[in-house]
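Chain naming follows the written order as A, B, C, D, E and F, and within any one chain the residues start at number 1.
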Amino acid sequence: MAKKFMFVNRKAPYGSIYALEALEVVLITAAFEQEVSLAFLDDGVYQLKKGMMPKGIEMKNFGPSYRALPDYDIDKFYVERESMEARGLTPEDLLVEVEVLSAQELGQLMEAQDVILSF
Amino acid sequence: MLHIINKSPFDRPTLDTVLRVAQGGAALLIEDAVVAATRGCIAANKVVELAKKMPVYVLGPDLEARGLADRVIEGVQVVGYDGFVNLVAEHRNCQSWL
Amino acid sequence: MNFAVLVNEGPYQHEAADSAYLFCRAAIEAGHRISRVFFYHDGVNNANRLSEPPQDDRNIVARWSKLAEAHGVDLVVCVAAGLRRGIKDELLPPGFRISGLGQLIEAGIEADRLVTFGD
Amino acid sequence: MLHIINKSPFDRPTLDTVLRVAQGGAALLIEDAVVAATRGCIAANKVVELAKKMPVYVLGPDLEARGLADRVIEGVQVVGYDGFVNLVAEHRNCQSWL
Amino acid sequence: MAKKFMFVNRKAPYGSIYALEALEVVLITAAFEQEVSLAFLDDGVYQLKKGMMPKGIEMKNFGPSYRALPDYDIDKFYVERESMEARGLTPEDLLVEVEVLSAQELGQLMEAQDVILSF
Amino acid sequence: MNFAVLVNEGPYQHEAADSAYLFCRAAIEAGHRISRVFFYHDGVNNANRLSEPPQDDRNIVARWSKLAEAHGVDLVVCVAAGLRRGIKDELLPPGFRISGLGQLIEAGIEADRLVTFGD
């Protein structure tokens, strides 16, 4: 029976490697036929910002990779409302279609997981 | 769910995030996070608030390392690594708020 | 109970590798099993056999090796994270092996609990 | 003195510390700290406050990487790495608030 | 001519290695006959807390090392008042005799330095 | 002008090693001299010649070596931090050398500016 894996993303992109690594891990988890969801809160919301251009810091643009995830049946993107709004972002600013949740709703969803991995 | 917090409330926002998001279970303060559970620390009120929602534990060896073992606020319980292991075992999942 | 542990930081810089080890040891002492420790991100730097801390300090790398030997703990280093950082077979201390992220997900599936330590 | 800030104001207290401690010179936001200087971000008011005390610069390549180059608030100046180098040269010392 | 070196300590002890390393560096700086001062603010104030007992986390107690610094003519310990008070600490809680400064006074002192190293 | 640079973090995990390199390159392009880059704490992990990042990613270690070769930059790895973490002579990439913390203080004394990059 598949387990519910949630990937909790709380760090800004490019300042550290976590966003890039999370993208790797979710694909592998899906390949193991587990239930995969991604939560973005705190600075993790910035990971989904449209228009990344990391050429000037000589890093690879991994923004497009989020858009490819639904092709692998990974399409549960949850964004915590308060984190998003505190950063002046709206769902239109984000690379993928997300479900915006209150902190409480996200917390309840986390309770229902079998495994939570923090990035 | 067991919420594991390892950073000082002065240095990272994780205690705030747990207060906002966590819907129950228990919380364990380890490493630099233990400073939050000490008397006189202005962040201790956040631990008091969290303790209204769920039991809060703090790791004794990390308190002792920092010379703070005699300053633990009321309402939180000091545990050793054996207690840490028990807490993980007792909750069906855990989240390290890194 | 069967625990798996994820270590995201290297030795000495942060307390994470220490906390992870002390947790593993306490779990074993309490009669639980640590089926696997997965070293990811900078955590792969725990697997450098050239590490030589001062005499009066704990030897984090050697401690892991002893844990593996004494209790059959499977110490797995993420291959991709290790390649980036130069942690390859020739550097591995006793008891460590290199493998893919699938080993982390497998541990998440098979273990009763997965506990993460990091910065 | 040039005050270099490299962490998001949501993740670390360094912007607050600089506001409290810094007595002049200039401030440069790099890496994840650039998010502080963007429109709509609730921490932007701290940057506005800092800009009243000293000129505030923000590193363009780090803004672009994060897709935030078109959101910079007024009153801060975007510089490249060449500007970063000039700022270090122009101030007699610098402090990286890690 | 000697330069003014200031070591700015802003991290809690034991959670990361910076406090321990700072102790090494100040000694070496003094050996180079430079002017050395140490500033403690934010969580760095905890580095000076009396009564450290890191045996339970298997680390070395470096608290006594601060007390030895005056023997090497390193005796300028500045603590920022607001950071100290926010943590419920008083000068009596600290391992060494410190000068308590306002944020503004500390900022002015920093301006007068030639080299600042952050730990 | 004569700059010295201090790098406190390893490659890939945090942006610090990237920022430090891009700063050095820009300084050299502007006609300044980088007299020394000192690798301290986890920064010593920049000096692992076994590092092999993905083809489409920047090679942080090789970039440093090229900078040393092209512009005579002195790349110094802290001996004590390196020993703890297993970065020894046999791992050094071209252009790096191992020495003591005195080299950092010397750089602070002799350079016009010392700029620190870290987490």
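What we mean here is this: contacts are C-beta pairs under 8 Å (C-beta built on N, C-alpha and C of every residue); 3 or more make two chains touch, one makes a residue touch a chain.
Just so you know, these numbers come straight off a predicted model, no measurement behind them.
**Student:** Hey, how far apart are subunit B and subunit F in touch steps, shortest way?
**Tutor:** 2
**Student:** On a CA-centroid basis, which chain has its centre farthest from subunit F's?
**Tutor:** Result for max centroid distance from subunit F is chain B.
**Student:** Tell me which of A-C and A-F has more C-beta pairs in contact.
**Tutor:** More C-beta contacts join the chains of A-C.
**Student:** Between subunit B and subunit E, what is the separation of their C-alpha centroids in Å?
**Tutor:** 26
**Student:** Subunit C to subunit E: how many Å between their CA centres?
**Tutor:** 33
**Student:** Can you give the whole-Å distance between the Cα centres of subunit D and subunit E?
**Tutor:** That pair's centroid distance is 26 Å.
**Student:** So which bits of subunit F are touching at least two other chains?
**Tutor:** 12-13, 15, 19, 22, 41, 57, 80, 114, 116, 118-119
**Student:** Note the residues in subunit B that touch 2 or more other chains, in rising order.
**Tutor:** Answer for subunit B, listing residues that touch two or more other chains: 6, 10-11, 13, 31-32, 61-62, 80, 93-94, 96, 98.
**Student:** For subunit E, which residues are shared contacts with two or more other chains?
**Tutor:** 14-17, 42, 57, 59, 114-115, 118
**Student:** Pairwise, which chains touch?
**Tutor:** Here the touching pairs of chains are A-B, A-C, A-D, A-F, B-C, B-D, B-E, C-E, C-F, D-E, D-F, E-F.
**Student:** In their shared complex, at which residues does subunit C touch subunit E?
**Tutor:** 12-15, 18-19, 22, 56-58
**Student:** What residues of subunit B sit close enough to touch subunit C in their complex?
**Tutor:** Going by the criterion above, the answer is residues 4, 6, 30-32, 61-62, 80-82, 84-86, 88-89, 93-94, 96, 98.
**Student:** Give the list of subunit E residues in touch with subunit F in this complex.
**Tutor:** That would be residues 3, 5, 17-18, 21, 24-25, 28-29, 31-32, 34, 114-115, 117-118 of subunit E.
**Student:** Using the touch definition up top, name the residues of subunit C that touch subunit A in the complex.
**Tutor:** For this pair, the touching residues of subunit C are 6, 40-41, 80-81, 100-102, 104-106, 108-109, 114, 116, 118.
**Student:** In the complex of these two chains, what residues of subunit F are touching subunit C?
**Tutor:** By the definition above, subunit F touches subunit C via 10-13, 41-42, 45, 48-54, 57, 61, 80, 83-88, 90-91, 119.
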